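Next come two complexes built around subunit A: one with subunit B, the other with subunit C.
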Partner chain A sequence: MAPPVISLRNISKKFKKVEALKGIDLDITPAEITGIIGPDGAGKSTLLKICAGVLSFHGTATFMNTDIRRHPERIKKYLSFMPQGLGLNLYMDLSVEENIDFFAAIKNVPDAERDRLKDQLLRATGLEPFRARWARRLSGGMKQKLGICCSLISNPEVLLLDEPSTGVDPLSRRQLWEILNGFITEKGTTLILTTSYMDEAERCHSVRFIHDGNVLFSGNPEELMREEKDLEDAFFKMLLAGKELTTYDIPFRNNVSKNGSIAIVISGVSKHFGSFKAVDDVNLSIQHGEIFGFLGPNGAGKTTLLKCVLALYKPDKGSIRIMELQSGSPELRKTVGYMSQIFSLYGDLTVAENIELYGAIYEIEKKDLKERMQWVIDVSHLAGMEDTMVGKLPLGIKQRLALGCSTLHLPSVLILDEPTSGVDPVARRSFWQLIRLLSDKLGMTVIVTTHNLVEADYCDRIAIMNEGKVIAVDTPENLRNEFIHHSGDVYEIYPETGLDAKIFSERQIEVAPFGRRYHIWKKGLSENEIKALMDSHKIGYRFIRTIPPLMEDVFIYFLERKR
Partner chain B sequence: MWQLIKKELLHILRDRGLLIFVIYAFTLDIYIASEGFNLIPENVSISVYDEDHSLRSRELTDRIKPPAFKQPDIINNRQEIDYLLNESKTILALVIPDGFERDLHRNSASVQVLVDGTQSSAAYLSSAYLNIIIEQYSNDFRMEMLKVNNITGLPSINTKSRICFNEEANDKLFEGINEFFMIVTLIGMILPASILIKEKEYGTIEQIMISPLSIQKLLLMKVIAASIFLLSMIGFSYEFVLSLWLGFRLKGTILEFLLISLIYSFATTGLAFIIASIAKRLSQIGLLTMAIFAPMLLLSGGWVPPESLPEWLRKLTVISPLKYYMDLGISLLIRGASLDLLLPNMIKLLILGAIFIAAGYFLYDRRIIKGE
Partner chain C sequence: MKLGGNTLKRIFAITSKEVKEIVRVRLFLMLAFVVPFIMFNVFAYGISLDIENMPFGYIDYDHSQISSQLIEKFKGRNFDMKGEMFSPQQADKLLTSGELRAVLVIPPDFSRELYRGRNAEVQFLIDGGYPYRALTIKGYCQAIILSFNRELIGEKIQKTGGRMTTGQPIRTETRYLFNESLKSSYALVPSLIAIILLMNPAVLTALAIAREKEFGTIYNIYSTPIKKWEFLVGKIIPYLFISALNFTVLVITVRFLFQISMKGNILDLIPGALVYILINVSFGLLVSSVTRTMVSAQIVTVIVTVIPAFLYSGLLIPVTNLEGGAKIMAYIYPTMHFMKIIHGVYLKNLNFFHLLPQFLLLVLYFCILFSLGILAFRKREG
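Up next is the complex of A and B:
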């Protein structure tokens, strides 16, 4: 095995009193994709910055035999680093081409080489028609693709990407992965990326699962996926460490029943901000007691639509009716609960004070409030911490407390905006369990938005949104079946050795590399055909299995069909 | 309702930075302003170049002494004067020319005073003080000569001053109270503005907007909480800093003063609404407050008497609520005026406050609540 490109030993890093990393050992194998995964605040970005030599630390770190701490400037010519945030490394008032030229110039790339690579990158990313456009005027996904082009133009030995696909639409994401995979296979680039999406981690050759500043797992995703279908499940089990996920009950009842009648009707709703169409002619209806999810990348219009439902925004066109009332009616204020992206808790009030405040705002009677407060504290695991300032609680707990506060008045309709972004798999699953409970026991109609496509399966029905439009509405199962019906079953192949993806693509079989595995699909393709194909190329394999299609592929399928 | 006021008070009490600033402003800052500002020259550095080296020139030099002046710096040539003035090592230089004593005996002698005018008010005050010393000396010399010649009974005017209201002519009292008013103004704007903007910064305002609680009620609770806190700080500062620590003998009762302050807080709250609608972040509040405070102070007469402002600016003083507050406060605390005398100004301040609140709420409603 090749010696590691980057080798970290006993790395720790403190920000004031917070220990971001607690003595981490890490080796990065060359010409592979290493995924650093974990929830928000786990220390992923810190780790990446240390590898890039832009952050001080304790411990030893070497980059191809160079001591990173002593000579951080020596390693710079070998690596490209793209920080987190869309287009953060770009110059917004330079054009696409000028941005790339600038990054080539600072890395001393010869002009001929630059032009050749530039053409190739622009074509692969679909940015070719926008060469002269200012970076400021690109969409989020385009900015991110340009950012990666700028990082790749110097043909670096090591590429460090911090959350490259957060906020990027599935189509751009797929293109990003195609370029990245191409660089790894053709040029032997070493890629290290951080992500909080587990489906993305499955595309890596090797993963490091970071939790609370420690490495919980280091190895190939395949090691974990023998027993579990996906990494999310694997890490969920790992974090629980043999314990059962706590289950809850609700001691009180609501008089709303699930009867399949319509709770919310959205008809012809559009909302513009200047010339930007945030929501574009959305029509759908949501049933009583349903858990309804809006799925889509950042900027798809999910939050704007929710705010129209809540009457925080006035739609430019169309109408929204909730429980047969016009949205914004004062009567609705007592029957709708809302938890915003930022949780809307007061950080400088204690747990109990926050709950009491919501009780007062919703004029809940003393006796009821006492009972519900106890429940909220129980499900948030906050017993004994009633007097802790909310600002000091960890994200996952804050989230559950916020959910508790927004359901305190037992609303018939509960609206949750990105409730689970940035939490670990256990917190996520337990949160969804709670939502399910609210829906089952209290008959609440729950509307949820998420940009994490993996969460689709927690919903009864989902609406897929892109660029302000709803491109499909149905149960996740039906959506998948429709994909399978049109595109065939998806197979996962784990070959013994690397293989050339061409053997599939030349037969018009869709293929996407996932670490050492491949996902392939084509209408009418059977397992026997694949086995025959593998045998004819003399490629051994550990397994070939059918898997449910990834929501990302389903998303792209409907996007293309709509067009 | 109490829950909501309690929430706002907790926000204030738990914002450590704000709390420390408020407490400092209402205690130490007022103390320092009162003890530190001094309009009578003290310890002014002065140099004397005595060319005469006579009995009389030394007598004059001896009269320049602490506390108004430092022990004069005796120098021996003219170049040194230039050097000391250029380097700001001395503010005043007195040149006693050769033949001073001789000229004095011949009825008319002159001395030269050189002044560093950079800090014009200090220069003006200290040179006036030096003039008095020289005049006094010349007077005493004249009397001495008359005595020598046995002449008496020359006419002269003797002034007897009686100072009203601030009998000790204690400028600490005026400075301290002046600073106190400024602090009330600053905190009166910063405090409501920061609790108004925090709701926006936390993002909790949306949560309130969809709840049965009306946003107007929430804003009212915020204003009430801010006023409760502000008035308690004013009361505390009045009793413990002004009366006890600085030992001012204030006239009027504390309740009367709190009433005036309550009326004034309407105006500052209105301004706070304006600030909170413009500020994008908490950190911008300080800057915006200064931007409003500076012209308000200029127009109030706190630093410059309104009489010395240009005509057009003087007309604008009617819109500075601080002017009314200072007038009212000084009338009550120093002059001991009764409430019925203060009523006209209180009504004007109330009207001004109502206008500011209406304007501030209008702006806040448009920019924050409706989000335009």
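Up next is the complex of A and C:
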């Protein structure tokens, strides 16, 4: 095996009182994709910055045999580092081309080499037509693609990307992975990336699972997937480490009767901001007691639509009826609960004070409030912390508390805008459990938005949104079946050795590399055909199996069909 | 330190990126050019206007022809004559309430003393609530007494048949040199150039680096082979040019908007001004090395540069009137030394060589501050 390109021994890092890393050992294999995964605040970014030589630390670290601590400047000509956040390494007031040129100049790329690689990258990312456009005017996905172009222009030996796909729309995410996979195969680049999306880890050759400053797992994703159906479940088990996920019950009943079967009707709603169509002719009806998800990338119009439902925005066209009342009717105030995208609690008030405040706003009677407050405190794991300032709580707990507060008045309709954004997988899962409970026990109709397509399976029905339009509405299962019906089953192949993806693409088979595995699909493609194809190229394989299509692929399918 | 082709290329890449950003973002453009111009004018007009039409009263216990002559002298542009007060109590009340800024008290034996050929004394009661204004009023009063004295001496010479007398008929203590007309703006308005050229380059530079830290683009610098001095030099070049342009605009403004002409030659002022700009750019650099956000960079810059400059540079309170720590501050801050150059060229017609000590001192400041700025900037985080 090739010697590691980066080698960390007993690395620790303290920020004031917080220990971000607690003596980590880690090796990175060259010419592979290594995924550093883990919940938020696990220390992933810290680790990446140490590898890039932009953060001080304790311990021994070498980068291509150079001591990072002693000679951080010597390693920088070999690496490219992209910090976390959409397009945060870009200069927003420079054009696409100027950004790339700037990076080339500070990284000493000769002009001829720069121009050649620039053309190649711009074509691959689909940014070619936007050369002269300012970075500010690019969409989130385009910014991230440009960020990757800027990182690749110096043809680095090692590419360090901090959460490259967070907040990127599915189509751009797919392109991003295509470029990265291409680069690794063609140039033998070592790629290290961090992610809090567990599904993304499956695309890596090798993963390091970081939790609370320690490495919990180091190895190939395939090793974990033997026992669990996907990595998320595997990591979830590791995080819980034998502990059971707490279950709750609701000690009180909702007195809202389920009189009609349809809770919300949205008909022909459009909302424009200037010439920008944030919401474009949306028609939907949501049933009583349903968990209904709006899925789509940032900027798809999810929040705007919710704000129309809440009568915070007046739609330019169309109408919305909630529980047979016009949206915005004063009677609705007590039947609708809302948790906004921006943290809606007061950081300078204690847990109990926040709950009391919401109780007062919703005019809940004293005797009811006591019981409900106890419940909110139980479900947000805050027993004994009633007097803690909310500002000091971790995000996952805050979100549960906010959810509790928005349900204090036992609304019939609960509207949650991106409640799980930035929440780690464990907290996310128990958050969804809570939503399910509210829906099952109290018959609440819950509307949730999320940009994380993986969360589709937590919903009864979903609406996929893109550019203000709803492009598909159904249960996640039906949407997948429709994909399979039109595009064929999705197969996962785990070859013994590496293979050239061309053997599939030249037969018009869709192919996406996932670490050492490949996902392939084509209408009418059978397992026997694949086996024959593999045999004809003399490629052995550990398994070929059908898997449910990824929601991301389903999304792209519907998007392309709409077009 | 080799200046290879790549070094120049990297510096140029930083500079041209910075220029594009400044030109394309209206806010930066405003900060760079409009804000300093407006601030200069606000300060300059504010200070000059406050000094005109000062409400003025008098108490005349003498009621002689000569005392009326003296009072007549105060009915000029500088003072707004409110008339006679009939008691010290009334004068006191009006001074307290701000309805009067100064009161002239002429004692009962004023004319008698003068006719006897002796020195007479008058008293000025000045609202000292705002020391700078009080000093200016004092200056006006002394100037008026001075010119009144000349007239008296002239009359006396005529009467005595050309024989010179020594001594001033009315006693004055201070003479204002180099600003004979005692128009405060002659001394003040050019001094304000030093304040604007302090604040603007410092704030702009601090913001320029803090901006990259706040947005995250600083990691491009941290994680690439560019050397930190290359980055810093490339970064400050545009601000040097902006400030040089602002300097030109301000000199023109002083000449044509405020009608104050320079006694010396502008060429003697330029070298000092350029070094002074470099000092303040380095100041901003130093500040931005210890701050993380644009807001904190701006606040810290204002606190460590502008406020001490206002208080201890001799702008509002003459350095000679400062004591102890304040006086030490005045000498430590470069602003006072640059103001000496400004005064030298504007008011005293001094040339570059007369002002060489101050100039060399500024060069020393620059060397120290810029070195500190480079040392304090680190290509990695804590």
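Quick notes on this one:
The rule we apply is simple: the second predicted complex is superposed on the first by the 557 of 563 C-alpha atoms of A that agree within 3 Å, B and C clash if a C-alpha of one lies under 4 Å from a C-alpha of the other, contacts with A are read in each partner's own complex, and residues count from 1 in each chain.
Please note the rule applied: a residue touches a chain if its C-beta (ideal position, glycine included) is under 8 Å from a C-beta of that chain, and two chains touch if they have at least 3 such contacts.
Please read these numbers as outputs of a predicted model, since none were measured by experiment.
Contacts of A:L349 after superposition: subunit B is touched, whereas subunit C is not reached. After overlaying the two complexes on the shared chain, residue contacts for A:S56 are found with subunit C alone; subunit B is out of touch.
Of the two partner chains placed by superposition, only subunit C is touched by A:S80; subunit B is not.
In the superposition on chain A, A:N89 makes contact with subunit C only, while subunit B stays out of contact range.
When the shared chain is aligned, subunit B comes close enough to touch A:L310, but subunit C does not.
When the two complexes are laid over each other on chain A, subunit A has no residue in contact with both subunit B and subunit C.
Interface residues of subunit B, counted against subunit A in their complex, comprise 3-4, 7, 10-11, 14-15, 202-204, 206-213, 371.
Residues of subunit A touching subunit B in their complex: 307, 310-313, 330, 333-334, 336, 338, 340-342, 344-349, 353, 356-357, 359-363, 389, 406. The touching residues of subunit A, counted against subunit C in their complex, run 15, 49, 52-56, 72-73, 76-77, 79-85, 88-94, 98, 101-103, 105-108, 134, 154, 160. Across the interface of their complex, subunit A is touched by residues 6, 9-10, 12-14, 17, 20-21, 24-25, 215-217, 219-227, 379-382 of subunit C.
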